[in-house]
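Both of the next two complexes hold subunit A, though its partner changes from subunit B to subunit C.
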Partner chain A sequence: MGQFVQFAINGLMSGAIYALIAVGIVSVYKATKVVNFAHGYLIMFGAYFYFTFAVVIPGFEGAPAWLASWQPAWMVEMRAGLSMFSPLGAVLDWVANLPRIVFGLLGAVVCNALLGLLIERSLMRPLMGQSVFAMIMVTVGLISILSGAASLIWTADAAFVPHIAPNTPLRFELFGTMIFLFGADIVNMVIALLIFGGIVAMVKFTKGGVAIRATAEDQSTAYSMGISVPKVFSRAWILASATGAVAGAILATRNGISPSLGLFGFSVLAIVLMGGLDSYVGVLIAAMSVGILEAMTQWKMGGEWAEIVPYVAVLVVIIFRPHGLFGQKEVERI
Partner chain B sequence: MINGNLKASYGADERVLNNRNKQMFVYGCLLLLALFPLFADDYAILMACKMGILLIAVVGVNVLTGYTGLVSLGHGAFVAIGAYATVVLSNLFTALPEGVLPFVVVPCAVAISALVGIVVGLPSLRVKGLYLAVATLAASFIVNFLIEQELFAPWTGGVVGINTPVPNLLGWELDTKREMYGLITVLAVLTLLGTQNLFRTRVGRAFIAIRDRDYSAEILGISLLRYKLMSFAISAAFCGLSGALFAYFYARILPEQFELDLSLELVAALIVGGMGRTMGPVFGVFIVLIVPELIKISMGFATGGDLEMQRYTAPVQEIVFGLILVFFLLKEPLGINQITDRILRSANRWPFARG
Partner chain C sequence: MTLNRRTFLATGAAATATLGAPMILKAQPAEYVLGASLPLTGPFATAGQLVAPAFALAQKLFNDEGGIAGTPIRFVTEDSGYVPQNTLANYQRALATEGSALVGYFADSTGAMKLIAPELKGENARLMGSTSFASELANPETNPYQYISGPTYQDQFDILLQNIKAAGGSKVAFIYSNTEFGRDPLEHGRAKAAELGIEIVLEEATKPQGADVPTHVTKLAQSGAEHCILQGYVTGVWPQLIGGARQFGLPVQFHGTFWGMEKLIADRITAEAGPFLAGYQGIMPYRYFYDRADAPRYEQYAALSKVMFAGTPLENYMSTWAIQTMCGLELAMKALRDTAQAGLELTADNVAESLSGIENWDSGGFFGGPVSMVNNKIGTGRVYEYSPETKLFTPVSDWLST
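== the complex of A and B ==
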């Protein structure tokens, strides 16, 4: 039982990150009716931007020393009396890294948002009003462009990136078994869920969110009601790539940076379809259940089999519920 | 009257090559293909074989995406199934004489591929458009994953790949690339001719009706179940044939050769060439394979063989591949076939202005 809880918690933590990535795909779909096949590669760019701003730039000669490692006098004092592997030590390590973590996250979010805007302006806008097939295929072409560009720009091996939160190990007893968690994972989960909730609230309550929903409902009516549809499009892309940057940074701290991050986007795409393309609730539920299913598969069948769990799950769901668990059924007229 | 297009009989109008310019173009191409091995060097033969193998697979995708309107991003998996089935069956049927082995193995591989195609096509009855694209993508990931599994490694070789047999057609061993060129070219031309004629039959017209509006097609009495699955089967069978040739052509196959990149290459070639047109895949495959080669060669020239710069070649190739796809979608969505159509039309009406 204890092991079950351990794996369930692990699953929930990766499910939250799936949800954070999925929110980008759903937002773009809601606003523009385009499913972004290249979202995983946007995330990869986010991860690489985080690496650049948190590791590469602080490592330059001209960069101020506090950026790479912040060592105020009080911290050196506190550290002196600590034993190895104490929880406080991990927190202090994190505080020393704090400037570059913040710098890295800000840089990643800004750069990725600009990238999203660039993609929207140069590739999506010219296709406005054309067939959805063409738009989707453009995002497929974007996969090659982004993955080629990433390996062109970041040739160096990506080294260690700093964790976003203090990585203290936590142990506690539940149902008679030790549960073992990392502090950073919990904070990542909280960040992911907060951003997810924030975006859902934004779409629900703010003026910009209403514009997105109106555009999703009917583009030309939204236009005639004075909503600037092109602006909604670019906002959705910026939103998607900015959340993607945070997700990329989190993934980079968890699994390291590699070109295979892009493939991660496809499993999230499967999750999004499973939940229903236009339903935030459905996507959250799908992300969490796939996260847990993956963890269970990892537990029972080994780590390798976990990677196809989202794909099997989406195929099963699609056959029984073609529009996902909570997706809106499209009404077609002849 | 349209100049150069006069048809005196119904038969003349029904022909595949229904005017002189088309005839000249196609017969010229066939002649060129036949004479090609006489003057080409090994490198050109290698490229031509690669094109032929890819062409057969793209024709398969064309049947599904171009003619039936079902988008698939996972056709690389069918090529993989064809290739692995060929190798595995060749290793199993060792009792058969070598000369007849390919005649048993290749049809079996094609049939297995078609069967898997039907299974993968099942979601197409419930979903279409991008849902289907993701469903096929998911299926292809699963197939690739299974091939790489340690569990099946005794048969498939797992991640490290497996050596492939040399085809032996009734005692004629095709152990050089030049001999393989003959086989690949004949099969590629037959495939093209087969699809061209498929769309002059009842089945092909049903496919086109489904593409144009599936509900209307159903109302007209076309069974969606039957024809969508048939389209999947035919398309997967072509991909399986392409996979079989792939296995015979290379000395060793690896699972990573059939991953997402191949599926994207197939779709990109189709879009660049022109969807739903017989010659579309031909032009598309040509562009998709020749441009990266040109980049490799010109990068080699520009850097003077500098190894430090050579590693930039693959990313540049990847970027240009994506740019070509995007360029065609933005500027010429109907593909190169549209351009050649325009040229042919003006050639037909020459010396009058093209209408």
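== the complex of A and C ==
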């Protein structure tokens, strides 16, 4: 039982990251009816922006020393004598990195939001009123542009970034089994769920959110009711890009920085289809289910199956519920 | 037309010019071409971009030495994006463009080598090296024109397991990426471990990128492994696995194979995440570039690098990935030069025969001593250990052979 809980928690931690990635795809779809195939590459840009602001800029000669590593006297004193992997040492390492982590996150969110706005203004808005298919094709083309641009700007060099939270190990006994958890993964999960919850609350309770929902229902009617549909488009892309930046930063802390980060978007697309393209709740449930299924399959059947079993489950759900778990059925009248 | 002595000579001269000249041209092109595909984009672009400059260095060095029997060589490199079909297309294009002047090719993955292997027949056959250490390729019966410039992954597992046994290890875990690259030496590793009396307590497959590290570390912790061999990774996953295990205080000794042994990656991890790679060991078929005391060929590379790559990080350090490429090119050049010296045409069959006949080759320091091509591979290597303090991999074993 203890092992079951261990792998279930591991799965929930992965699932929360999937959910954070998926929220961007759902936001853009809800507002514009466009399935953004390039979302994974927006996330990759977010990761590279985090790398730029948390690693590259603090490493410049002119950058203040405290930005690269904050080392007040009291911390140096506390650090002395600690063993290499002591929990307190991990927390102190994180505190030393805190200025650049905050700088990195802020920089990544702002720059990625601007990138989202740029894409919306230059590529999506001119196509407003055209077929949605054309806009989807633009997002497919965007994959090549974004991946090529990232290689040009940052090269393909693999790099590593600081953890967003202290990576202190947590150990406790449950049902006679020692449970191991990474502190950084727990905080990542909490951040992902908070952002997810915030977006859902925003869409449900704020004026801007109502505008997104109204536009999702019917663009023409929303227009006629005085809602600025172009503004809704912009907001959706900014929201997707900004949340994507946080997702990218978290992914980068788990996997390092490389152009292959863009590929994550494709596996999450299947999760979004399972949950329902226009349902935040459905996507959250789907993301958590796939995360847990992956971890359970890894535990019981090994890694050879871990990439297959969860996606077979996705297929089964789509066969029986083509619009996903909580997706809205669309009735087409001819 | 009546045929007299004058018209006979004129017709004969014209016929010789028409029929004979191409034969002469075929035998003696103005330059020989060696093609290459590299992953300059895609998931292994980090490696591809570090390897690419090695071709410029090799071209300069080999031509300064007189090319192949006085004929200069030229390298033609193209991007494959790490897609085997692209490498095949690049090879076919090189064949069509360069014709008989193309005397060798360098592919960038096991997949590409396997895809191209059936194409290497008759006029389309060329000597072919690659970045791969796939065990399946080291078979002159099935792949007479393809070779491995070092030990196969199976050999590398053999050497690591021998070293684990010598250190008193009895329980080992294999963690590998869920790819052909990752799975390559598993079966052989199981047999070798059984032969040495080592128990395999865990075989764990992971995603090649974005692996669920907590889950894998949990399984490793529960397995009770003393040693863990990591296979099938380049820049990602393996550092996170080791970092995770260290955070949990697991006393497991980690071992890597060639692609997980690059100093640049280990240094970057150390700079960003701390000294958790302390004690990490792995197999390296070649000397590291900074270990040049007994490597006169490395000294030549270093002198050229200073000039050709001045002002770049390549000026002082050649990555292990580039060294592997250089070793592959050195072997190809030796086979080509030996063939030319024997007065034979540089056909794939002749060159492949020269290659498989390489014996007691003084590589100039790549390996510990003279080496021979056996089954189109060189089954030797040494175990190194990383120190975050010195930022160097240093040898912890003698040169071991299989």
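Here is the rule we use: the second predicted complex is superposed on the first by the 321 of 334 C-alpha atoms of A that agree within 3 Å, B and C clash if a C-alpha of one lies under 4 Å from a C-alpha of the other, contacts with A are read in each partner's own complex, and residues count from 1 in each chain.
The rule is simple: contacts are C-beta pairs under 8 Å (C-beta built on N, C-alpha and C of every residue); 3 or more make two chains touch, one makes a residue touch a chain.
What you see is a predicted model; the values in this text were computed from it and never measured.
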For this session: Record, for the superposition on subunit A, whether partners subunit B and subunit C clash or fit.
Result: clash
Exercise. Which holds for A:294: it touches subunit B only (first), subunit C only (second), both, or neither?
Worked result: second
For this session: Using the superposition on chain A described above, determine whether A:312 touches subunit B (first), subunit C (second), both, or neither.
Result: first
Exercise. After lining up the shared chain so the two structures overlap, which partner does A:161 touch, if you call subunit B first and subunit C second: first, second, both or neither?
Worked result: second
Problem set entry | Touched partner set for A:14, first subunit B, second subunit C, both or neither | second
For this session: Quick one: classify A:224 as touching subunit B (first), subunit C (second), both or neither.
Result: neither
Exercise. If you stack the two complexes on chain A, which partner ends up touching A:322: first (subunit B), second (subunit C), both, or neither?
Worked result: first
For this session: Based on the superposed arrangement, let me know which partner A:151 touches: subunit B (first), subunit C (second), both, or neither?
Result: both
Seminar exercise, completed: Superposing both complexes on chain A puts subunit C into subunit B at one of 43-51, 115-123, 187-195 or 241-249, namely 115-123
Seminar exercise, completed: Both subunit B and subunit C touch subunit A at residues 147-148, 151, 155, 263, 304, 307
Exercise. Along subunit C, where are the residues that touch subunit A in the complex?
Worked result: 40-43, 45-46, 48-49, 178, 203-207, 209-219, 221-222, 234-237, 239-240, 243-244, 246-249, 265, 268-269, 271-276, 278
Seminar exercise, completed: In their shared complex, subunit C is touched by residues of subunit A numbered 3, 6-7, 10-11, 13-14, 55, 84-85, 90, 93, 147-148, 151, 155-162, 167-169, 171, 180-182, 185, 251, 254-256, 258-261, 263-264, 294-295, 298-299, 302-304, 306-307
For this session: Could you please specify the touching residues of subunit B with respect to subunit A in the complex?
Result: 71, 73, 122-123, 126-127, 129-131, 133-135, 137-139, 141-142, 145, 149, 213, 215-216, 219, 260, 264, 267-268, 271, 311-312, 314-326, 329-330, 333
Exercise. For subunit A, which residues are in contact with subunit B within the complex?
Worked result: 35, 37, 123, 126-127, 130, 132-134, 136-138, 140-149, 151-152, 155, 263, 266, 269-270, 273, 304, 307-308, 310-312, 314-315, 318-319, 322-323, 332, 334
